[in-house]
Amino acid sequence: MDFEPRYTEEQERFRVEVREWLKENMPEDIVHPPDSIDLTYEQYQKRRELGRRLGDKGWLWATAPVEYGGGGLTVDQSVIIEEEIDEYGLTIPPYYDTGGRLGGASILVWGSEEQKQHFLPNIMKGRVRTWQLLSEPEAGSDLANVKATAIRDGDDYIVNGQKIYVGSSFGADYMWTLLVTDPDAPRHQNLGWFMIPGDLPGITIQPMEMLISGGEGGAGSGEKNTVYFDNVRVPAFNLVGGENQGWKVATTHLELEHGAGGRAARRNWMVDRLFEYCRTHQRRGQPISKDPEARDRLVDVFVESEIARLFGMRNYWMRHSKTPMTYEGPQNSYFRKMSNLRQATYILDILGPAALTYDPELGAEDGHMEAFQRSAIIGVHPAGTADIQKVIMARRIGIGREVREKAGALA
Amino acid sequence: MDFEPRYTEEQERFRVEVREWLKENMPEDIVHPPDSIDLTYEQYQKRRELGRRLGDKGWLWATAPVEYGGGGLTVDQSVIIEEEIDEYGLTIPPYYDTGGRLGGASILVWGSEEQKQHFLPNIMKGRVRTWQLLSEPEAGSDLANVKATAIRDGDDYIVNGQKIYVGSSFGADYMWTLLVTDPDAPRHQNLGWFMIPGDLPGITIQPMEMLISGGEGGAGSGEKNTVYFDNVRVPAFNLVGGENQGWKVATTHLELEHGAGGRAARRNWMVDRLFEYCRTHQRRGQPISKDPEARDRLVDVFVESEIARLFGMRNYWMRHSKTPMTYEGPQNSYFRKMSNLRQATYILDILGPAALTYDPELGAEDGHMEAFQRSAIIGVHPAGTADIQKVIMARRIGIGREVREKAGALA
Amino acid sequence: MDLALTPDQEMLKSVVHRFVQQEYPKETLLEIAASGSPTPSEPWSKLAETGWLGIAVPLEYGGEGGTLTDAGVLFEELGRGPVPGPHITSGILGVFTVLAGGTEEQKREWLPLLARGERTLVPAVTEADYGWEQEDVRLAAHRNGAGFRLNGSKVYVFDANSASHLLCAVRSEGGDQVGLVTVPASAPGVEVRPLPGFSWNMAEVKFNDVAVGESDLLGLSFDSGWDALQWAIDRTIPVLGAFQVGGCQAVYEMSVDYSRTRVQFGTPVGRFQRVQDHIINLVNHLDSARWTTYEALWKLDTDRPAQESVHLAKAVGSEAYHQACNYAHEVHAGLGGMTEYGLTLHTTASRTLYHYLGNPRFHRLRLADALGL
Amino acid sequence: MDLALTPDQEMLKSVVHRFVQQEYPKETLLEIAASGSPTPSEPWSKLAETGWLGIAVPLEYGGEGGTLTDAGVLFEELGRGPVPGPHITSGILGVFTVLAGGTEEQKREWLPLLARGERTLVPAVTEADYGWEQEDVRLAAHRNGAGFRLNGSKVYVFDANSASHLLCAVRSEGGDQVGLVTVPASAPGVEVRPLPGFSWNMAEVKFNDVAVGESDLLGLSFDSGWDALQWAIDRTIPVLGAFQVGGCQAVYEMSVDYSRTRVQFGTPVGRFQRVQDHIINLVNHLDSARWTTYEALWKLDTDRPAQESVHLAKAVGSEAYHQACNYAHEVHAGLGGMTEYGLTLHTTASRTLYHYLGNPRFHRLRLADALGL
């Protein structure tokens, strides 16, 4: 067993190359507002620019095939890139985007050659930003209960309906989504998976007001939106995987979104910040970290975060070593969600009301702790609620249904 | 609001009377083995004798009607009796019996006048001991899935089948049970509720070996048994509530068993013992109760036991004030079961391996803590598992089924 | 034994219930939350007119002379809102502190005004360390002629944003005693700075050379201030507990309703055991809070030793409201996070009340002491 | 990064797996549990013959010279039994302590015999207070001519009932150092008294004027005994962790099988979300234990700083096995409590291992220190 990526001399040289490159190309004033809704448009554009440059280097989606705009690099190299950008508190991509990791993965598996050539290079090179549109008012946990329709009309589909909890601030170039292509077909056989340009006439985007819009970590999603489709005319070319094959296509990104992707980077910014704060801030004349009550809870946080890290690492390894997965994807997602919720309570105990404000003088860690209190609650639901992760786990364990469910195809 | 029984002068006189009477009639050498399986036959007989004397005074089932052998006393008086016998670490009745509280309650509600006259006085006066026979190999949580049959034959029923997790040590005078009276009828409409003399030919009792047989508290059930019926001929008179009405009859005792009865006595012997032990035993030169780690967990135990006490008291009051109940019965049962399991872990933390042995020199509280470690696990399942209590709670809350379920009739 | 409310209490309950429904509907609560301060406002004026702010004020001082259980009934219904404003801070904790620590003259000055809501007196105790022990009070009252001067700040002061006056815990010149002084929020040098975020009406109060008169010192002495405050806190805790019970009850009802009406996979979601379990966890917290709170109210009303019960009620009640909201979010998933739905009003309130007057951990440690461990 | 076992480890795993299935079926384990001692017995003799008791013994001392991860693979499969006997106590903790603290001569004397199972050397550390700190060792080695005399007792000694020798932590005459002495369990004055109840091979060891030779003192000095034991404990913990992982895995598989085959309400009970959730909780504990354990093994094998990982692995692993058994009981309800079913073998083992080498709370406190908090 080996819990660390091993680097050859060549790979170490690659790390130096990445590090140097990032030093040169990283905007100087990158900021990480605790609540990603506060990220400015200017900052967003800087991150997009960084993404495009990474894309040009083949470092944005490093392991994706070169012929579709990826880097064609090894897993270890992709880990190196992730680790190096993690030092800046950023992820790959450095902004909210569901194109490369989720939508792109589905197109890679299910798209036609023509579609791959058309969509993927722009995604992989960071030229476009992509949103996923999954939830609807009546399709939450029951994701297949889609009401929005795409009805064939000549060479196009006419799309009508509404999607919620979508995306981020500042719009998207593409939106991929599930739409009912055959209203008369049975469940799961009535859907089409579409890649829709964001600028088509008839699309309206309206922000939603929420406790927090999500987005722990550096990527920063900003606000969530409702997206309305009013007789939007989408070319048939944008249907991926064929008519009524949408659910099958979706299994790929759902699998990834349910935690199967995993994570190799070791850093946990939230925990680092918390520990740093407690070491450097006093309570009753000594660092908070010396207070027995606080210590107990800090260890609780650490234990939770270690398990989450290890589950993420395991899944990352399983995915990249092509070890067959069963329940591990949703387990990772479920554990992380509930663990965050538990950690939020521990932190509330440790910090007291300093965890409840982003007041510049009083809010712990410039309000990052306050944002975490909110995001831990709201983060339980996106991308399959905690309950849904357990539904999937049970099926994969082989107890939820007659026949044990297989994990979705990832590549 | 008033959380204590209020006593009139007359009632206080009654308390003195009970106390004096108990002082005279209580066998001197009552013992409480931590594991009730160690209660001797001689001790059992002493408790039965005490039960008969209580019965003669009308204090065994104090609130039951006088015409059926009960005491016809008020609820406050019954609380006084319970409180006074609680001082001896005993309950009412002072041995394992499901006649007065459960079976008797069902007969009171559903029996014919003749049946009440025949069965109840012996129960209420403590002359007979009664077992309930509910579980079968294929009827655990699914209690209605009874396979044992009672087929009409002239004036009798012929009973065949097997019941498990039954009773106690030292046999029973009566066994009440659910049997299939109509194999062709649908679920819940195919059962009869029978009161069966324990000495009928064809009944075999075989002890079951378990981690512990159950029985926290003073009553002491001793071992659990499998009871086999081999062509046992039971008079039709012993069918209570009519043919195929058994499930309806059972709702009464199931409701009570699911915690609706509640409890008024304030003492918690296990917690008292634990606190006493920790105050009087040293660790590293100071009482265990002064150790910060132990204190934290002792408070955890206390908080759990207080909530359990309050739920029990609420239910006791609701039952006796005839306040309509919904989910409170199974909530009480569910909370107590899971709370005991949590408390067992706290105690394991507090006491270390001293909680894992009944060694006379080393076992904490003469092995009572060890027995609790086992009974907390096994106690989750009898009388409706924790999961089943939640099934019932959900129905009563009105979310488990289309129509909100009503609580069973109690009187 | 009788765990029912009296007929009078039942009536109070239903009157308050209707009042909250009418005067503090969700839309109003959302507006107030967005505005940053619950007072002044029309519903608050109406609330003051009812006389309920004087429920704990003895009849002789112009109040309702209610029992603590009466107050519990009132605040449980206010908790369903959750109705914001300095009702507990001023109407219960402020009132009890003045009752316990004020001179007769101070009582005659303050209590009638507090009962009518013409003034509100919000205790300001905690500082940067956010501790509820005497030693955590650092702000000093420096002698200055016939009075004192205050320089420093109180932080995380609940309801300071809607206080007419603050009842400020201050250290005596020598430093060994803690007394309480009343300070108008509008006094020169007082700055009340609301703290933004996931908090409910918390503010920092800065004192910049604020002059306080000798007669503004509660009881005219530093001797008894802290004890008076402790006595008042013990009595306030179960009333706050009742407020939290009301909050739990509201999110419980929200969750039950939603689980009965929200359809997914062709069936109301309440039919799924996982959703049921969230609601069962919620109702278990609700009832744990309810009965520990009620028993504490009863013990205090009947002059029984209540120290254990008080700590138990705060530990259980605050944990309950916090967890109840989390479970309610699990039942509602995405919808519960939307501001307009109203659940987050409770979630936000529960976080601040979790700490107010000491968090569950603080009270568990004190419970160990109270149990003689 | 490669989280797979090596082909050799995979082979070891499957050989041990078959061995446990064949030699330690449920019936055998129940008989051993009823008999009170896992040794001597036929399966134990076979286990000794495999050479696995020497997995941690270097080749030069007649052992297998395996890595800790190799030992983890072996013990994970033994944990599935759970196979009783002094395999960890003697074969891992005893071996490592001798390796760290013994003189070359002592190593040459002991290690080959331990590797072949011809002797077992079970550390006896804890006393009535059941603490794992140096200060908890009270038993004194009184100077007596060329040797020492022991009077007192060690309690809750895991595997003492099947030890040929005890490795006893004793205080030096002056009282300021703790050394380790080997004592034959059959020596005059030694009494091993098994402790009955919900415990797994725990015993009290009484020393009644027991004579110990100078040469029986490990390292021939009191200087380094405690440090050697600590070093050995740190290395033993993740191997014990692997044993617990195996136990979790066994009860997980039992629970999955049962939930697939047990029919109630006309359907396998695994179809009910509540039953699923017990199993999901169980598997989450299992995997938490697994990966914290594996990482600790890897860090120790590769000489990385491992202190945090060791404490983490024990805290998480022991909690996991304990909780996994509780969840398995919930899945099985009544049947799980029946001795003949076999689940209670694990439940019982999990309770003793919960405390052995320090309980989760103990290791969480040490983890705080290791994290530099």
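We call the chains A, B, C and D, going by the order they appear; numbering starts again at 1 in every chain.
Throughout what follows, a residue touches a chain if its C-beta (ideal position, glycine included) is under 8 Å from a C-beta of that chain, and two chains touch if they have at least 3 such contacts.
What you see is a predicted model; the values in this text were computed from it and never measured.
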Intersection of contact sets, chain A vs chain C, gives D
Greatest Cα-centre separation from chain B belongs to chain A
Expressed in whole Å, how far the mean CA point of chain C lies from that of chain D is 52
Whole-Å distance, C-alpha centre of chain A to that of chain D, is 42
Among chain D residues, those touching two or more other chains are 272-275, 277
Flagged in chain A as touching 2+ other chains are 390-391
Contact graph of the chains (line, ring, star, complete, other): other
Chain C contacts chain D in the complex at 272-274, 277
Contacts from chain D onto chain A in the complex sit at residues 1-5, 69, 256, 259-260, 268, 270-271, 273, 275-277, 279-280, 283-284, 287-288, 291-292, 294-295, 297-299, 312, 315-316, 364-365, 367-368, 371, 373
Counting only contacts in the complex, chain A reaches chain D at residues 1-6, 76, 79, 264, 275, 278-279, 289-290, 295-296, 298-300, 302-303, 306-307, 310-311, 313-314, 316-318, 321, 323, 327, 331, 334-335, 390-391, 393-394, 397-401
Per the touch rule above, chain A residues touching chain C in the complex are 135, 138, 140-142, 145, 164-165, 208-212, 282-284, 293, 341, 345, 348-349, 352-354, 356-359, 361-363, 367, 370, 373-374, 377-378, 380-382, 385-387, 390-391
Residue set of chain D touching chain B in the complex reads 128-131, 135-136, 155-156, 193, 195-199, 202, 204, 263-265, 269, 272, 274-275, 322, 326, 329-330, 333-335, 337-340, 344, 347, 351-352, 354-355, 359, 361
